[in-house]
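Next come two complexes, and both contain chain A; in the first it sits with chain B, in the second with chain C.
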Partner chain A sequence: MSNRIDVKKTYKLFINGAFPRTESGRTYEVKNAKGVFIANPCLASRKDLKEAVVAARAAQPGWNKATAYNKGQILYRLAEMLEGRRAQFVEEIVTVTGVSKAKAEKEVTDSVDRLVWYAGWTDKIPSLSGALNPVAGPYYNFTIPESMGVIAAIAPETPSLLGLIDSIAPIIVGGNTVVVLASTKAPLSAMSFAEVIATSDVPAGVINILTGKKDEITPWMASHMDIDGLDISGLGAKKHVDVKTSGTENLKRIYSFKSADPGRILAFMENKTVWHPIGL
Partner chain B sequence: MNFYGLVDGTEASLKKYMGSLSGVDQVGADARAAMLGTRSIKTTSKRWAIDTAISMVDLTTLEGADTPGKVKALCTKAVRPDPTDLSVPSVGAVCVYNDMVEIARTHLDLIGGKHVGVAAVSTAFPSGRASMAVKIQDTKDAIEAGASEIDMVIDRGAFLSGRYIEVFDEIVKIREVCGTKAHLKVIFETGELVTYDNVRKASFLAMAAGADFIKTSTGKVAPAATAPVVLVMLEAVRDFYAMTQVRIGVKPAGGIRNTKDAIKQLVLVNETAGPEWLKPSLFRIGASALLNDLLMQRMKMDDGYYASPQYVTID
Partner chain C sequence: MEEKLSFEYAPAPESRALVTIKPKYGHFIGGKFVAGSKHFPTINPATEEVLSQISLAGKADVDAAVKAARKAYTTTWSKMSGKERGKYLFRIARIMQERSREFAVLETLDNGKPIRESRDVDVPLAAAHFFYHAGWADKLEYAGLGTTPKAHGVAGQIIPWNFPLLMLAWKVAPALAAGNTVLLKPAETTSLTALLFAEVCQQAELPAGVVNIVTGDGSTGALIVNHPGIDKIAFTGSTEVGKIIARAVAPTNKSVTLELGGKAANIIFEDAAIDESIEGIVNGIFFNQGHVCCAGSRLILQESIADEVIEKLKNRMAKIRVGDPMDKNTDLGAINSKEQLLKIRELSAAGDSEGAQRWSAPCDLPGKGFWFAPTIFTGVTQAHRIAREEIFGPVLSVLTFRTPQEAVDKANNTPFGLSAGIWSEKGSKVLWASQQLRAGVIWANTFNKFDPTSPFGGYKESGWGREGGRHGLSAYLKGVSHE
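After this line comes the complex of A and B, so read on.
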């Protein structure tokens, strides 16, 4: 059947559990390594960021209240869904970046494993990082890590899927909600990952994904008063100073990471200390 | 009472008056309201619109769980919505239940808020299901306690059954109680009136009976102040002005939660009734959450970056 018309996919944003087009109506061209046109994803505007932050803020108390067990289950579910669609992700990575099929398959496998690894951390972080502090009085004195709020993240350009997962998972493990800007050159896996999120019991607004230009969106993320932290792992080192300067105005925590480790989870958590009388 | 010469107070004259009203083109009203909602507002106008909207807000708390402390906090916010920025205007009035009127009035006077009125929801708000004697006493209580504006509800049951004269007499009686001491706002609860025709009829009925303001809703029923309903009411006050040379105010209430909605309302006013209505004495917005969003948008315009709800009060 050669006369069948292609069904092309429209790559849209992922905000509050829905797939809206950018409010601005803008798109940009994604080309593969050889310069062949592949897709027209959305070029997100600052208003899209604003909408995403409103959604993330509204979703945060509910997600924070979910039990560690429940959060772990949902993250594991993400891994399950991703596993089930690995062929699509492998194909997209190969098409856009031009890497070998074996290399793309390794990235998808690593991504699934990474999600499972983060899922395991949800109920371990409080016990491993929290403490029972010795105090000179009839009190128990606990320190417990708690969520920070709404965190924004700039995902690295490559690896486009694994990097995205490292930008999202540690933030939500800690009970935060996230607004992430996906890889500009290879946004296809991010938008397909949004479909994985939509079918994985992740409450609407907990993860929001934008596609667009870093130079446009990052300053708005840094200066936004309602974003509590910013992961700039995907931003070139030269831009770090500017972002940190505009972030100090609102006391935003700004970090960048090189690898996946539990410190990434703790970076966007705040310690709370509680005094509890022992009784006589 | 001469009721602007439109009716003489008898049922026969009221029936004739109500019968003379034209119907509302529902599809046209929906389309016009939707079209006006797409107007883009430029930055300089937006700044003016935000300040104007703030000065038009009837800052409202109508909960069974209201306490004197909450009402006082609301009054403080009404006088100075943003304590860190003195250029923010005070709101139009605070809107509370009857028993809170005295607390609100005393506290407003105490903190330099004499210019902020107190509106009381009266006549067995929100259902309006009480005897006339109770409704009159309810209104008297509120005025004695210092209310300068009375928000009364109409008997929707009587209105929908076509017993217009009952509704008319009720408004006339409450109008008499208000006298010159208080402005009278008549609440239709448009969410229960079913059609735009009814909204237009209720508007003309209330205006002839002596309302100073016509108000969409109690805030307890959804849908409340939808754009087409406000449009129909604004057209009614415009037409009433053409008939009588008297300007009646409009107060949408309920469901207007953010700056965008508020600015859309101002566009509706300007394009329908006209710019004369763009002042707090002729247009009010009944709201509670709206004020915080207006303040956040104002901060964003001043500072150049998005504000956070953490920097405005939790009501």
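After this line comes the complex of A and C, so read on.
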């Protein structure tokens, strides 16, 4: 055993491309399966959420405007960066959750592969979901899926990394920006993934990650008037009614998902139909 | 400079001999007309003449209709092949075409819209919706909405008074094509064409209970929304009521689609074809008395052409023929109800008091009935109520802009996002603006065009989901992409 003392990491939030502490100064203890102290991540506040939404809203037009090719390459870059840091993610998953190394390795592998899969969707979704509509008149009429805006997401408790990827990637594939609440019990993967994001040419504000309590942050997300949609896949079914009720204030689109499929991308896209006359 | 041209039109009234209106109507449940218990009058808003007595459905009626719809779903409709379902829809489309004049006259009498519009727009489009969706019934697995698309079961559908028959078609046709059975409630002021549609279902020999129609007011609507025997709610109406429905349904597993309000921007760039734009502005706001959720109610004019456009617009508005909806030359008919007229007056008064300048077309309004002259407000700011709230009447608010970015910023400065218009002769600018505008339907160098193949529906607080086209079908199929 070496006598060297480890340099431990302070786990902070990820808002607008930076790593701030929570403005509230609150943290909570994360322990491993055996009850051993691991870290003091931030207990994000309502103001942290507000700051994250402001950043996401500001970043949305630029991200939406990026070409599908560009978006795809940035998502692929996330996969590249994650691949390069596999060991760190495996270790964090093992440390926090106590799963076997083999199981943690599989989760990281699946996460990298899932990002690659999503990367390929950016330039295919509109041609699969769009339509040229044969209207009965001299008009050129087409329907295309467009970004919805700012989407918030509650990532599932487990798997903490793969679940986070599924909470982020489909939303940004559609040209939206996202504010995601990471797994409460296992937030380390999420905050380390923020480091992957920070080195992948993802513009600041496109992905924002909070850590904290679901019961605190979810109602704030549901009632926030500048959030257009909400992915509640990581929220227990019993809490869905309150969130859906509160979300009606601005008619948020609120969904939960059981799998990764193109519908998950389309759920947070709006269909726009454009008419133009044909004639001389 | 303006030439004084005056055309005198001889009256060209459509005959109402073609329609038979019963003195009293019941509900259409399980393939039969059943008597209601309480009644309320439905009137011709152009004359205030009482046309008939309509039944107010209560709990027992709604229960009976849901039961009939469920029975039809489990015993008949869900077991029938798509091919056979489709043939019933084709039959309905054909019968609606056959009886189109009857529908048009009845719609105009009950709603107050000009016969020219009910005859040329509402009724043909309604028949087209059935014809289009008929063809989907046996092709659902190819719609790109999953390999085994399944109906929800019983759909509860609540429709507004502005396009009574057309909204019925938008709701009923896709629901039946996807394999659902329906319970439909028309708006309380415009039930007659829905009740005539019930006769069409009988003539088409549609199995009993596949379509059920109950009439009534908001209390009947609430019974439908909250009924545990209904799997899917589809509503077209105000954003206010849409939110109430969304809240009511949140604790349930019911699927919901909402087509709600709008405050559409109609943007005229300085390089637009001005005369065509004038027609587009008029069509955008005065079509159907402005009782259109996607009406172009905010005219956003580039400053350099604002004076010219407003002058030409006033000149054109002065030629709008307001009056008897049954006259084939009428452009603008009656306001649908006294209640709506009061709302239009109230918001217009707010326009005056908040400092906008009102101009109304000089026209003689009939003494009886509900009427509002075509009106524009200039000098409107984004903070004015008439720039923010849906008026749902023939009232246009005019704002101006200097740069294209300012135009889209103003256009998007609303919680609504149903539709928008763009007028420019420059293709790249049209496409740029169509990308920037946060609305579900963009009309470029045209306005207020509808087609069954073309998805319609809103962003933001204008609703959930689409109607029409391949996208609209998904509203009536289970587990398409997300629950």
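Here is the rule we go by: the second predicted complex is superposed on the first by the 274 of 280 C-alpha atoms of A that agree within 3 Å, B and C clash if a C-alpha of one lies under 4 Å from a C-alpha of the other, contacts with A are read in each partner's own complex, and residues count from 1 in each chain.
By our rule, a contact is a pair of C-beta atoms (placed from the backbone, for glycine too) under 8 Å apart; a residue touches a chain by one contact, two chains touch by 3 or more.
Here the structure is a predicted model, which means the values were calculated and not measured.
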item	value
Partner chain(s) touched by A:33 [first = chain B, second = chain C, both, neither]	neither
Touched partner set for A:248, first chain B, second chain C, both or neither	second
Partner touching more residues of chain A, whether chain B or chain C	C
First, second, both or neither for A:135, with chain B first and chain C second	second
Contacts of A:257 with chain B and chain C, given as first, second, both or neither	second
Partner chain in contact with A:87 - chain B first, chain C second, else both or neither	neither
Common interface positions of chain A, toward chain B and toward chain C	249-250
Contact footprint of chain A on chain C as seen in their complex	128, 144, 239, 242-243, 246-247, 250-251, 258, 260, 415, 417, 430, 434-435, 439-446, 449, 451, 453-457, 459-461, 463-464, 466, 469-471, 480-483
Residue ranges of chain A in contact with chain B within the complex	50, 53, 57, 220, 223-226, 246, 249-250
Chain B residues within the chain A interface of the complex	304-311
Complex interface listing, chain A residues touching chain C	128-129, 131, 133-137, 139, 141, 143, 146, 148, 228, 241, 244-245, 248-251, 253, 255-257, 261-264, 266-267, 270-277
